[in-house]
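Several structures are given next for inspection.
Common to both upcoming complexes is subunit A, partnered first by subunit B, then by subunit C.
On to the complex of A and B.
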């Protein structure tokens, strides 16, 4: 591989180690929740018991939107966003564009939450930041996604933090390539009988080498999403649009054309959705109506990538006549390499370009990233443990975070299943995570040894995982396997099985953790006697 | 052939040479105390090329989704083999 001079290698090892150890714990939290969030949609369906078959956009929505329009004050008729929520229900956000107290662009309006029969469940009024919080039926998946995206730190600091973590992951990946002289020669080498340092080093480098291309992809795309709105857009707006973010947004993502403010009722939305489905082969994921109720209204229908492609599709329609105008690139009005690159960032990061198979592969790669982060930090600690006894606290912290975080997440899932029927899941999902995390920290303080702590957290996580399907069935009142499979939701049964298998694996793993130190002690004792 | 079939077939076809590469890897064999010195470098290079052919076909057909699934799937197969086979050999 790349051969650096001795001094340069030493510097790179320091960069690699410190970038990992300083931000590794937070990076692990972001990567682990991101790995689980790959299945956020499926976890939402599993936890809330979704059994509706059809997308809301495969059913008539035109009459519903007109009914909501009549109920909505005219000042919020400037634009409408339509999207799916819950069990194929409809979310409709009637809004206007305005500036907040700090002069930043925002959207203010009324957000209607409807079920899949068109009945209004809830109406919320406010700015986009205020109305799009977690709901009782999606509190678990919202919690996961919010942890991954910004670690629950308020905007923009949370996004900046996760963006920096993405950059740290990039730095670690690049420096890892530079310091590893036999990257491909060692790609299958795991010395299990060697010293603990070598064992950890091999585990770290083998997993890191195999998942290297994806470390770059996931770190780069993650940083892109974090920095896009917080730094990218304001900087470009400052440089090219005198700081006017609205003007930038209109120039890059808007639909240029002569203004025609004459009042004209919106065209038939059912005709638009039917046409979009016939062109792309699947229902829209999002409909954006701009200049609603005007002669120059536009409707943009967003779709997942077509088969064999990874670039999402957007179709532009004339809002007044409900006729197709053109396919809309992600950036600008004509296809470009930059627009394609911007378009594929999402599918590359989320792995949602080819259904369950691509997501399963991305989940596995995310798990590999977690493993690389954990083994890297562990290697750093094990290497220095004999030199500085005080690092024992760091080893415990590492164990508390590595095994305590999955425990907290499974506890939050259990709390969601218990409290969702009572309507208090939005509070109890994060609360249970905090309580479980406090329990893991307490265990970290009182556990007699690091091995015992690992064992305890593994058993606790495994036990909760095994109980989750029972809570879903008997406490939350979710659908049974027959009902779920009959409703084309085999993922509900699959996740039940996955939780039980993972739970058993963790409990068995904890027993192994218990037996290994004993075996190691016995071997050392025999060696000493010899 | 649809995208899923293409990706799955490509993965299965690449998995075979990856398994052979893992089993014949000289350093791995030395690490687990296996018999023999493993595959010759030329043989290993040939297997690497063979393992890459299904991915090249996905890319050549313009199927970006199948290519990415193949690439990610091969990474997972390789990692799982590297992690699992030495453990079995130690047993």
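On to the complex of A and C.
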């Protein structure tokens, strides 16, 4: 173990406490929404009632893409991105690379949204930042992801904010390791019969210690993603390419080869998808066509990591002849340490390298991180509550955020289920979150005590959770369990059960809170000093 | 770092490593600042790193160190 001197340990305890307390509330919001967003795909399928069985890339797409090509102005034929949207529908972004008003590289073009029968539902024109907003059928999962990624703060400030939160988490995780003098003993120390605060401290310590490696990985990869485009790429481009971000991007992600601008129609995309599926055993997650309509066109097929691997798979095809060229790393032209390192950052952060199992573990550990953040802040506040009256309000604010955020998220899910059939989910999903959050804040102001506030928010969240499956079935018109299971979507039934169980657990937990003697709160401060 | 790290097998390690390890590099500097009892030493290390890397970038701009371009 690392044994620091007394003064150094004291400094690390202060760093650990302050890193959490200064940004803990925002960090809790990012971690909680990130935990839920681990299942964003499943939540999207559950909320919008997805029952299509086949990936869009397992069906013919070539004729559809040629039809879209004929409709698209030639200036956007430079490149095409193809990916799945909604219930195995197709998203196709025909675009060109250009510089925005500030000289930053951007993509501008036309984004077609098609259903799984090839019918165009919507066409949007603009830059990539403008066209890839939430849709009516994915407003809920989009809202979750956007909250996690940038807390709805406009770019680049939102990404910078979550990046700083990631650094705070990194500091808390590293200082957490340094202040444990008996790390392995602490993993198993849970004194259930001790005073309430010692029990709370043990729980914080045990949950924190078990999830320390995970916290470190999440904070590290999360900071990387937040700072990658906002600070990292411009700085590295400045140092290595005199500020030319396009040159850096081409060096890292490009497919170098001799230029051949002769106009040649793109090869058969169905042949490419079939070959990619036969090589990897699963449908692509994304197809990127560069130099579309030229003799030197390339098609890159991206896939999730294989069962025994953590690095995503990418296959390169000759676009004009639709023939396989080679497997390539997701970053760089040949396998390298840097390419592997950059390639595994995504799977490590999203936990999507071993199917539902790894994501379930990531969800559980994310939940543990929420618990650690909450209990850590609560211990800090309780220990100092008697020193300043304002800390009583901080304790109440902590309760509003900790229990009000899940309430707001479940309210936004309920609003999504009610308004999606009307086509207004993009507006009402975040609006319901704001209304519920305002309600939670109001409750925080008027509630007679912190315990009553906790109780109220738990009951409200639990009640909405219990109602969610009913809204999905009877208001949103979602599939029943038999239909969902027959369509290979058991996750819909599983999430229904999960919401009801979690709802009952919260309501029962609130009743338990009511029965806990108030002396617990009274002894909390004294015991915190122990 | 892009100017002095080796490019590796794909010629991109010098570009990717600084991007990936930026949070860890920051954390190392942060904990050094917290744990080193000599504030002068902390300032000296930070200033030395700043000057070395600032100098490399400046020399790149005046055309004396086109290392990254050669690596491509």
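Just so we're on the same page, the second predicted complex is superposed on the first by the 510 of 530 C-alpha atoms of A that agree within 3 Å, B and C clash if a C-alpha of one lies under 4 Å from a C-alpha of the other, contacts with A are read in each partner's own complex, and residues count from 1 in each chain.
We adopt the following convention: contacts are C-beta pairs under 8 Å (C-beta built on N, C-alpha and C of every residue); 3 or more make two chains touch, one makes a residue touch a chain.
In this text the structure is predicted, and so the values were computed from the model without any measurement.
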Combined model on subunit A where subunit B meets subunit C, clash or fit: fit
Partner chain in contact with A:310 - subunit B first, subunit C second, else both or neither: first
Which superposed partner A:12 touches (first subunit B, second subunit C, both, neither): second
Dominant contact partner of subunit A by residue count, subunit C or subunit B: C
Partner chain(s) touched by A:251 [first = subunit B, second = subunit C, both, neither]: second
Which of subunit B and subunit C A:206 touches, first, second, both or neither: first
First (subunit B), second (subunit C), both or neither touched by A:186: first
Arrangement angle, subunit B at one end, subunit C at the other, subunit A at the vertex (C-alpha, nearest 10°): 90
Touched partner set for A:357, first subunit B, second subunit C, both or neither: first
Minimum Cα separation, subunit C to subunit B, after superposition on A (Å): 20
Subunit C-contacting residues of subunit A that also contact subunit B: none
Residues of subunit A defined as touching subunit C within the complex: 4, 7-8, 11-12, 15, 166-167, 170-171, 174-175, 219-220, 223-224, 227-228, 231-233, 235-236, 238-242, 248, 251-252, 329, 331-339, 341-342, 345
Subunit B-touching residues of subunit A, taken from the complex the two chains share: 185-193, 203, 206-207, 210-211, 213-214, 305, 307-310, 348, 351, 353-355, 357-358, 361-362, 364-365, 368
Residue ranges of subunit C touching subunit A (in the complex, touch as defined): 1-3, 8-20, 22-24, 26-27, 30-31, 34-35, 37, 53, 56-57, 60-61, 68-69, 72
Touching residues (chain side subunit B, partner subunit A) in the complex: 2-4, 7-8, 21-22, 25, 27-28, 31-32, 62-66, 68-69, 71-73, 75-76, 78-79, 81-83, 85-87, 90
